[in-house]
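Below are the structure tokens for one structure; questions will follow.
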Amino acid sequence: MGNGRKAIKRIGVLTGGGDAPGLNAVIRAVVKSAIREYGISVLGFLNGFGGLIKNQVRELTENDVAGILPRGGTILGTTNRDNPFHYPVDRSGERVFVDVSDRIFENTSIQEVDALVVIGGDGSLAIAKELYDKGLKLIGVPKTIDNDLHATDQTFGFDTALTTATEALDKLHTTAESHHRVMVLEVMGRNAGWIALHAGIAGGADVILIPEIPYNINCVAEKINYRSSHNKKFSIIVVAEGAKPMDGEVVIQRRVEESFDPIRLGGVGQVVAREIEEITGKESRVTVLGHLQRGGSPTAFDRILSTRYGTAAVNYLMEGRYGHMVCLRGTDIDTVPLEEAINGQRMVPLDSDLLKSARQLGISFGDTD
Amino acid sequence: MGNGRKAIKRIGVLTGGGDAPGLNAVIRAVVKSAIREYGISVLGFLNGFGGLIKNQVRELTENDVAGILPRGGTILGTTNRDNPFHYPVDRSGERVFVDVSDRIFENTSIQEVDALVVIGGDGSLAIAKELYDKGLKLIGVPKTIDNDLHATDQTFGFDTALTTATEALDKLHTTAESHHRVMVLEVMGRNAGWIALHAGIAGGADVILIPEIPYNINCVAEKINYRSSHNKKFSIIVVAEGAKPMDGEVVIQRRVEESFDPIRLGGVGQVVAREIEEITGKESRVTVLGHLQRGGSPTAFDRILSTRYGTAAVNYLMEGRYGHMVCLRGTDIDTVPLEEAINGQRMVPLDSDLLKSARQLGISFGDTD
Amino acid sequence: MGNGRKAIKRIGVLTGGGDAPGLNAVIRAVVKSAIREYGISVLGFLNGFGGLIKNQVRELTENDVAGILPRGGTILGTTNRDNPFHYPVDRSGERVFVDVSDRIFENTSIQEVDALVVIGGDGSLAIAKELYDKGLKLIGVPKTIDNDLHATDQTFGFDTALTTATEALDKLHTTAESHHRVMVLEVMGRNAGWIALHAGIAGGADVILIPEIPYNINCVAEKINYRSSHNKKFSIIVVAEGAKPMDGEVVIQRRVEESFDPIRLGGVGQVVAREIEEITGKESRVTVLGHLQRGGSPTAFDRILSTRYGTAAVNYLMEGRYGHMVCLRGTDIDTVPLEEAINGQRMVPLDSDLLKSARQLGISFGDTD
Amino acid sequence: MGNGRKAIKRIGVLTGGGDAPGLNAVIRAVVKSAIREYGISVLGFLNGFGGLIKNQVRELTENDVAGILPRGGTILGTTNRDNPFHYPVDRSGERVFVDVSDRIFENTSIQEVDALVVIGGDGSLAIAKELYDKGLKLIGVPKTIDNDLHATDQTFGFDTALTTATEALDKLHTTAESHHRVMVLEVMGRNAGWIALHAGIAGGADVILIPEIPYNINCVAEKINYRSSHNKKFSIIVVAEGAKPMDGEVVIQRRVEESFDPIRLGGVGQVVAREIEEITGKESRVTVLGHLQRGGSPTAFDRILSTRYGTAAVNYLMEGRYGHMVCLRGTDIDTVPLEEAINGQRMVPLDSDLLKSARQLGISFGDTD
């Protein structure tokens, strides 16, 4: 830890990347414990790293964080853009990308911020790692509704997203059953299928399609027909937005266009529904949750996890454990070096206990297993 | 009322058309009050008019309806097909449509069913009207999540659908705000915009697009830009699935294809989001609720309305008021002749108090008003 | 209407009496439509009539009401005290009650407030009536979770309270059933049983005890025993806090103390549970919802009703319809003179359609009917 | 493991002790994985150990468990009574307690049940341990909403109970704030304060009183007064039902009666509210959640945990790991010998990270810390 150890009198906090329920709970915990436990002040940087670059700040007092615990979103704003090491500027009418990270050091110096709490997903934490390497004292807090971060058992936001998806499945269930229909629910998960897998188990899905297991649409149809022949006239399918068919198995979209482009057709959920309808002759309907999964009041679980992360982040900062990310190990809060934390996404392991549990219940993953 | 007045000893009940929260509550109220109040028995016909045609029935005792009050769906099944006056049969390899309504008279006779409670929307009630005209003793119960039936102040199912859409808007709000994004929520309403209008007001939408008011996408974009310039960096748009642009105002889809086909592009929500993104340069995201709005546990309001409809339907049947539909007038339950009830859909009146209230709050309907 | 008709340039708004979900929605609608539709400004008086008396105010801009639509409570604060015609002051060490209503005229004059929107229940509206009679230009908005106001079909807040109570019954149901127990839910309703009656029907209660129908505990026990003998080993009882036993029927508390004092014993719910346990030998458990029923995010229904009330209140004020209260008549917003509005509480009529519907389903009201 | 290893062809399952959300999800997972994965049949014993003693059973097919995943309660019934080693019988008019455990061996033999899944809390698992010691092949599944079982990181049911309590706090918050009141929420937890501690943190409570930390009512009052003087006119207190005052600190009840009997006064919540009112002069209101915390649809978390426990229980039974209980370790499912599992209740450790986190946020536990 090459960063000097002068006393911390003021810390900064920012939220980066996609919105996730619990961001406000972390901010609140950071502010309250900084002020009450250590008597130091807190400055919020606005809109992710953008605020650090543009010196957009707001002082955060206990009053500012009163009542935000149950609220979705982030009072600091957030964005997926504004990478200080790859920042877009217009030069002679052309957009080029430059390194503006020095501005961050200037701005933290101007604002007399001694250390930083960076709340974000893998993208934001990778930037944090680079800033730390350049000498900025900081600690990371893991956030992503996808739960696909290495080095922590759980990120905050995931439990709420999962709850939203499960409630959707509960609603679709009764209608599917009354109508003898196939209901398709498309959920988030571009690369990892955690939300689809968990929600599918919690919501009693019959088929779960995730990026980790390419699907064969005929296997899906077979499952639906098997149920029909066993007097289950309806089926529920959960599809992660990043689910992909096995090679040579795409039916409809091939006819329509050359390349597989689910967005063009309204998402992979639409594709699956149409193919199922075509193969099985059963009416199929699609619900696309979209950003619904990023919003709403965090669940009790996420509020507690966020609060623990927030207080721990301040404690570890005050101890000087810079360049780390707080994480959950079983029931305990711990830290892990940032470089470990950002080292690749966590996928659903094909031999995971949860996946086996799902198969044992008869859930199909659209493969031949 | 040419129908004879012999004593009713057994009544039948069926649910027709699209699923709606509260169907089970009506069934329960019919069964309980028939058995307890009048000592008569109840037979459920399965899957809408299909069960009447195919003689698929199930006896309904108090035990059968225990615990179904809070459950979505219908224990009798439902379908949009199986019109007895236009029933598909295969003749010499060809599909033709014939009148099989006589079977219904045979089957009710075989089952010794003296009168019928038909729970359904305008389609099902129109069929009920024809059957009544042919001599079947029956009463209708108005159901549709769209709330677009004439002759009743409210249908059951609407309050629950509205609640689902409003909760979705609550969730989208925080994310839109944190991200400075435009969020588009597509809700049900092919011809009438009741859900979009009510949910938009309840959920604090900035723009509401309904079939009754063709929209100009530039007016929508203007509203969003106006908000941006007044430091509201996000906007929430509710779009009824039947919303349509004014002539000559469609931007994107014209380039892509000849005819306006929102389904092909993943729904009008997708179309609006892309056009907004193109015109304003702001990131836009879409959520399509779909059948989510038909499912789930009915709200307290819908459970009470359904229960009142169910008990009233039995009371009126026993009084011999056949060929009517129960309805809500202010706070009272009344009836109205079926022919009045099915006489055209109820649209959002352009001079309605609710619409004016919405405009007064600054909500845009995408027109120049 | 003896009040002069000079142009209104600024209006005041206050919230009085018990908290109710939807207060913020009304405030928001008042502020937005005053500013946008009429270009006038709005001043909020804090903590009911207290703010009017003590000149405690806060300017309300559109920013101040952004985001408050879905929030319970009131940003203006509220209280049941501070009646300007009966205001407590300490005089020579003794508390006396005096008329300080002149201060209100002074303060509205100082603040240049031309007219007032008073949001409240019967207590607050009675005070408003007196102030109007003294010359204050104002309009009332009916609020009470009890729904016991005359002259309006519905007050806002009631639907949310009802929803909270119904959700509680849903939760108690599964546990009662699994455990073969009697579950007692005590809900609000000191004089009128609207919440208990509606929630009982919506939540599938077996017994509903309301102030309007004195109960005989033996009739209640009989109902429970009847169910047990018909293989329903559990029962659900909803008790309004103001429910009272018929004379001579109180069992336990007579032994314990002279007078009937449910508060002393932890509420009438506790009393009923103990007596049932004693008479039937079945384990009984109590849940007391208390102020839970006043809190939480308003339902979609309450948000829309509140919004309509708020915009209508401003419209009618601008028209000069002072001394009235806005009200709901069927599906329309109208007004009624304040003197009619406050003329006695609305009780559950013993011949109401809803009550009959409930009895028809087999719900007992603890009487011999 | 002295139990022989003949092939298992049929297993039994029972649910014992208090109701908890997730019981049905475990039953469903047991049934589905037994039938699908191992081709064996499942018999449900009714009403806890009572069904084993009285030979009350019901065959469980896949159809029987269809749709029960999201439902609270247990389709098998449950009870806290019927300990086979201490079973009440009437002998010559007197109630005596005898060991009837032999009947269980007879009945499992009659029913050809080879092994048993016992779902229950510490009481039920202690009985299971004794039965195992006598030679019954069985495995335990940990259930308690209190989360106070040793040897597992989490029991199912806790997350749902916590969610119910947190939602209650959310509702009380807005009302407390609008009214400047003290709101007291009494939650479950006779010996351990897990629900109160977690819900208090998730719901933003100001004071949390748990059995592990005897409270001084003056410290509680001090916290409330401190807040008042810092312009926070309201406070939220969460009280576990087993919370106890330090010696000599009880104010009101001492005057009323000799012994501390919160039940008599309507629970410790009532006691705390009255004392606070007396000391601080602030109005205080009480909500008693009671069995609400045991009911309702399980959260997504509890459904997944229950499902994993159910499939794992069958897998381990088939492997012959008898006399164990399945448990959660971090993110993995494992087992632990029953004797370890039932070895005393798990209390909130006074040095726990969660407790420290709460104190750091300024939450008072009513002690002088």
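Just so it is clear, A, B, C and D label the chains in written order, and each chain counts residues from 1 on its own.
Keep in mind that, in the parts below, a residue touches a chain if its C-beta (ideal position, glycine included) is under 8 Å from a C-beta of that chain, and two chains touch if they have at least 3 such contacts.
Being a predicted model, the structure only gives us computed values, none of them experimental.
In this assembly, the chain whose C-alpha centre lies farthest from chain D is B.
Remark: chain A and chain B have CA centroids separated by 35 Å (rounded to whole angstrom). Look at where the CA atoms of chain A average out and do the same for chain C: the two points lie 42 Å apart.
Distance between chain B and chain C, defined via averaged C-alpha coordinates, is recorded as 31 Å.
Annotation for chain D: residues 170, 173, 177 touch two or more other chains.
Judged by the touch criterion defined above, the protein chains form a single closed ring in which each chain touches exactly two others. The complete set of chain-chain contacts reads A-B, A-D, B-C, C-D. Note for the complex: chain C touches chain D at residues 15, 18-19, 23, 47, 71-74, 77-79, 164, 168, 170-181, 183, 264-267, 270, 285-292, 294-296. Those residues of chain A that touch chain D in the shared complex are 29, 32-33, 36-37, 66-67, 69-70, 153, 159, 162-163, 165-166, 170, 173, 177, 198-199, 201-204, 232, 297, 299-301, 303-304, 307-308, 311-312, 315, 329-333, 353-354, 356-357, 360-362.
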